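These are the structures in question, set out in turn.
Here chain A shows up in two complexes: once beside chain B, once beside chain C.
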Partner chain A sequence: MSPRRRMQYYAVLGVVITGVLLCLPLVTGPYFQTVMISLFFWAFVGIAWNIMGGYAGQISLGHAAFLGTGMYTSAVLYVFWGISPWLGILVGALFSLGLALITGYFSFQFGIRGPYFILVSLAFAEIIRVIFVNIPSVGGSQGLPIPLEEPSFLYFQFVEKAPFYYIFFVLMILGLFVNWRITKSRLGYYLVSIRENEDAAATLGVNPLKYKLIALSISAVMTSVGGTVWAQYLMYAEPSHAFGVTMSIEIAIRPIIGGMGTLFGPVIGSLFLTPLGECIRLFVGGSVSGVQLLLYGVILIGVVVLLPNGLVFPLQRLLSKVFGGKER
Partner chain B sequence: MFDWVTLLQAILGGALNGGVLALIAIGLTLVFGVMGIINFAHCEFLMVGMYVSYWLFSLLGMDPYLSVVISVPALFVMGVIIQRFLISPVLGAPVNIQVILTIGISLLLQNLALFLFSADPKAINLSYSSKLLIVGDALFFPWVRIYTFSAALGLSILLYFLLMKTHFGRTLRAAAENRRAALLMGINVERIFVLAFGIGMACAGAAGSLILPFYPASPEAGMHFIMTAFVIVILGTLGNFVGAFIAGIIIGVVQAVGAAYLPGGSMYEAVTFVVFVGFMLFRPNGLFGRSLERR
Partner chain C sequence: MKILELKEVSKSFGGLMAVDGVDLAVQKGEMVGLIGPNGAGKTTLFSLISCFLKVSRGEICFDGKRIEHMKCHQLCHLGVGRTFQIVQPFPEFTTLENVMVGSFNETRDVQEAMGRAAEVCDFLGIGHLKGIKAKNLNLADRKRLEIARAMATRPKMLLLDEVMAGLNPTESGMIIELVKQIHHQGVTILIIEHVMKVIMELSQRIVVLNYGRKIADGSPEAISRNPKVIKAYLGENALVKS
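Then we have the complex of A and B:
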């Protein structure tokens, strides 16, 4: 099959799948929608993380900082001043941008890379978590509930799950689009060059500080947006959930096992892990946190040892075999 | 009048703590120095050591200091197995992959412990747990901390002799300094790696056993130490054994002084973090300046 035909085939496939996904809420119950919402959400924040971790090659275990900022900013603005979360998205994104620029600057300017950056990002999110736990006015360790009032689009209040299904789906698509545009742009190439060999890239005139900051900013803003919507979905903002290490791990693990630095990696990762997580929740209940993370550990180890580039590539090969055409 | 007593208490108490912190860091820096791997799961092995000693104490009434005799070989074996099957395959891979692997191991161990033993911290109480050494009616040191420090110091000295004076130690240092040259000299580098990793884990496990008298065992125990361990390793220069020990003492003191003078319970962690960032910014080669880059 010629490449052109293959592109057309994929395009049609994409439209069909999208169509099906869009119609599903009409025929399925709330539980299915719940799982899909989670799937889309984690895929979206995974895409956001991937820009930093996969394309720029700077793995971060502190993205919960940005997500939590998004969650809390809009929650606080709404609960205390009745400001619509739509505005909250912007404000949260602004704060996250600030955070990203500050921590990014201090890390990258002074050569904090690789494992050290991981540690710094971890510590950073932890510090923010501890700060929020110690602020009683926004709920302290109990968190901040977002009161459910009448359903309203303006105030991001929905009783049913279906609207969130569509919102997160759209977010995911938007995320993919942004990611795709980056890949096709100069920025994308600069990021990859930084990932592959930062020093070599620098000698070629690519400013690592500048582009890493850009990547981190985009990543942070996207994550923050996801966080705001997530808070509205959960109707709750709580520090250990919003800023915790578990959250950072959840964000990072889907792109990692799905395929870092690939467009659909986070989606595939989410496709694989999210339903798995749900099954575990169903079967285990009590010590869910432990078992789920244990499984994550096993999967991470398995993927690293067996499929270091993630699930995307074997999947791609499978698809190629199914649809014919040369394996790239 | 300046309160010398508090300061002295903090400094000396901190130095005592620093001993075992140093032991943890030595294991970490050894693994990095020899294999170039930054092991995120290092402190989980500490946690494993704690649990080993805890159960030996609960079930057999074995004194934790005595149980070091068991936990060291046990963790050594565990380290060997993990190295052989999990670490070895990724030695040539990009750093990110290695890091992800060790994070996976860390998650696995932590949550396995959570699953098996629940999150409740398990403390032990020895007959001499609360005995204090009182100096001059003003300074108080729990004897257990002194024992722990002595044991950690002893183990470190033992390791030092192993590295410096034995043939094995020489081959290990050779492999660390220049892997290829060591290979050319007929040194079985692969075996060195396995043994080095085992020793590193044994250090962590021993440290775990040693702190059990005053630090309850819990699945997250490892996470409490990992940041500190990394800071010490960097401070003492990556791969520098003696440096790690000295840095351990220093950080122990810094943390204790921080805890004594800063408000809030966990501010001393912030101090550690500040030291970490400070060193990364201004002196990433640590106090002893050996090159970070390995050939």
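Then we have the complex of A and C:
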């Protein structure tokens, strides 16, 4: 089969999947939609994380900092001043960009790499969490509820699940598009070269500091946007959820399981993990407390051991078997 | 015209003087060999010139500009390319993609970079390996990839650190030819090499380091007869016997 033909098949496959996903809310109930919303959301923030962690190879366990900033900024603006979360998205993104540049600059300028960067990012998110726990005016550790006043598109409030389904779906597609554009540009090549060998990249004219900061900025802004929409969906911003270590891990785990540094890795990871978590909770949740986490953990370990490069690769092989063509 | 000039360059690691007051000038278009016994400070000197390490004392000028406080990528933009003694490919990238990272110095456009990288690959005889991931290449091909990447940045000067090490005679013969061709294109070359035959054949001038100091600087013939050099390589007795 010619590559052109194969591309056509993949395009058709893409259109069919998109079409089915667009029609699903018409025939499904709120529970299914909730699961799908989570799936899209985690896929989107996973894509954001992957640009930094997967492509540029700078693994962060502090992305909750940007997610929480997105959640809290729009929530505070709306609750205290009645400013539409649509504007809040932008303001939150700006704050996250600022935070990303500051922490990134001080980390990368002083050569903090690998495990040390993980620790810095972890500490960074924790610091912000502790700060928010101690600000009573935004609810302290109780969090800040976003009151449902008049459901409207302008104020980003909906009673139904379906609008959020579509918004998160569009976000995920946009995320994929941004990511795809990056991989097809000089930036994409530079990011991977830094991941693969920073010193060699530098001798070839790549400024590691600059490009790591660019990667972190894109990643932070996207995560923050996801955070704002997530807050509108939950109608709640709470420090231990928004800025917690659990959140950072949840953001990172899907691209890691799905396939780091691949376009569809985060989506595949979310497609696997989000329903899995849901099923385990549903079937064994009530029996013994904690057993669901145990099972979830065991399955995670199993996947990592069996498919250390991510779920996306066996899937790719399967697809190329179906559609023909040689593997790379 | 001098393209590279080192004045009193020193580098110490704690108490160890790895490079000790070295003066060195390289003319534009010259091919200079840098030799010396193991641990003489050759690679350290390379790292200083390519801004991987900061000098403890002294100045380095390239093309009339002070470079000793620059970052690696800035030096690349000025026109210095280097290869590493231990090859440093981007393992998950294909050969072509590896070289493209170098080509991106001249263009932002991916298609154009791809075209230029392909030319460089063909020139270095690794054109048939364009689609192979670098982690699957053998050592000889990796060494050529290393040179290809550096050449793709269109350097005025190329620093080659033991590009022949670990290769068999056929393979190193191939690389010698390539280095000659690159030199003919007008690129100034500073080359570290252990194989004497290679360095004698390639270099117009040879600089010898020992214990971080420059002990000789001259034509290959003069160097091969220089008693200090023979002593440094073969020890005190060699001179007495011969």
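Worth a mention:
The rule is simple: the second predicted complex is superposed on the first by the 306 of 328 C-alpha atoms of A that agree within 3 Å, B and C clash if a C-alpha of one lies under 4 Å from a C-alpha of the other, contacts with A are read in each partner's own complex, and residues count from 1 in each chain.
As a convention for this text, a residue touches a chain if its C-beta (ideal position, glycine included) is under 8 Å from a C-beta of that chain, and two chains touch if they have at least 3 such contacts.
No experiment lies behind these values; they were computed from the predicted model shown.
In the superposed model, A:Asn197 lies in contact with chain C only, and not with chain B.
Within the superposed three-chain model, A:Ser2 lies out of touch with both chain B and chain C [touch as defined at top]. In the superposed pair of complexes, A:Gly205 makes contact with chain C only, with no contact to chain B. Looking at the shared chain after the overlay, A:Ser137 reaches neither chain B nor chain C.
Set against each other, chain B and chain C touch different numbers of residues in chain A, with B touching more.
Once the two complexes are overlaid on the shared chain, A:Lys184 sits against chain C while remaining clear of chain B.
Of all residues in chain C, only 50, 52, 71-73, 76-77, 81-82, 84, 88-93, 97, 100-102, 104-105, 108-110, 113, 131, 149-150, 152-153 touch chain A in the complex they form.
Those residues of chain A lying in contact with chain B across their complex are 57, 59, 61, 106, 110-112, 114-116, 118-120, 122-123, 127, 130, 245, 249, 256, 260, 287, 289-291, 293-294, 296-301, 304-305, 308.
Residues 38, 40, 86, 89-90, 93, 95-97, 99-101, 103-112, 114-115, 118, 219, 223, 227, 230, 234, 266, 270, 273, 276-277, 280-282, 284 of chain B touch chain A in their complex.
Residue ranges on chain A touching chain C, taken from their complex, read 184-186, 189-190, 192-193, 196-197, 199-208, 261, 328.
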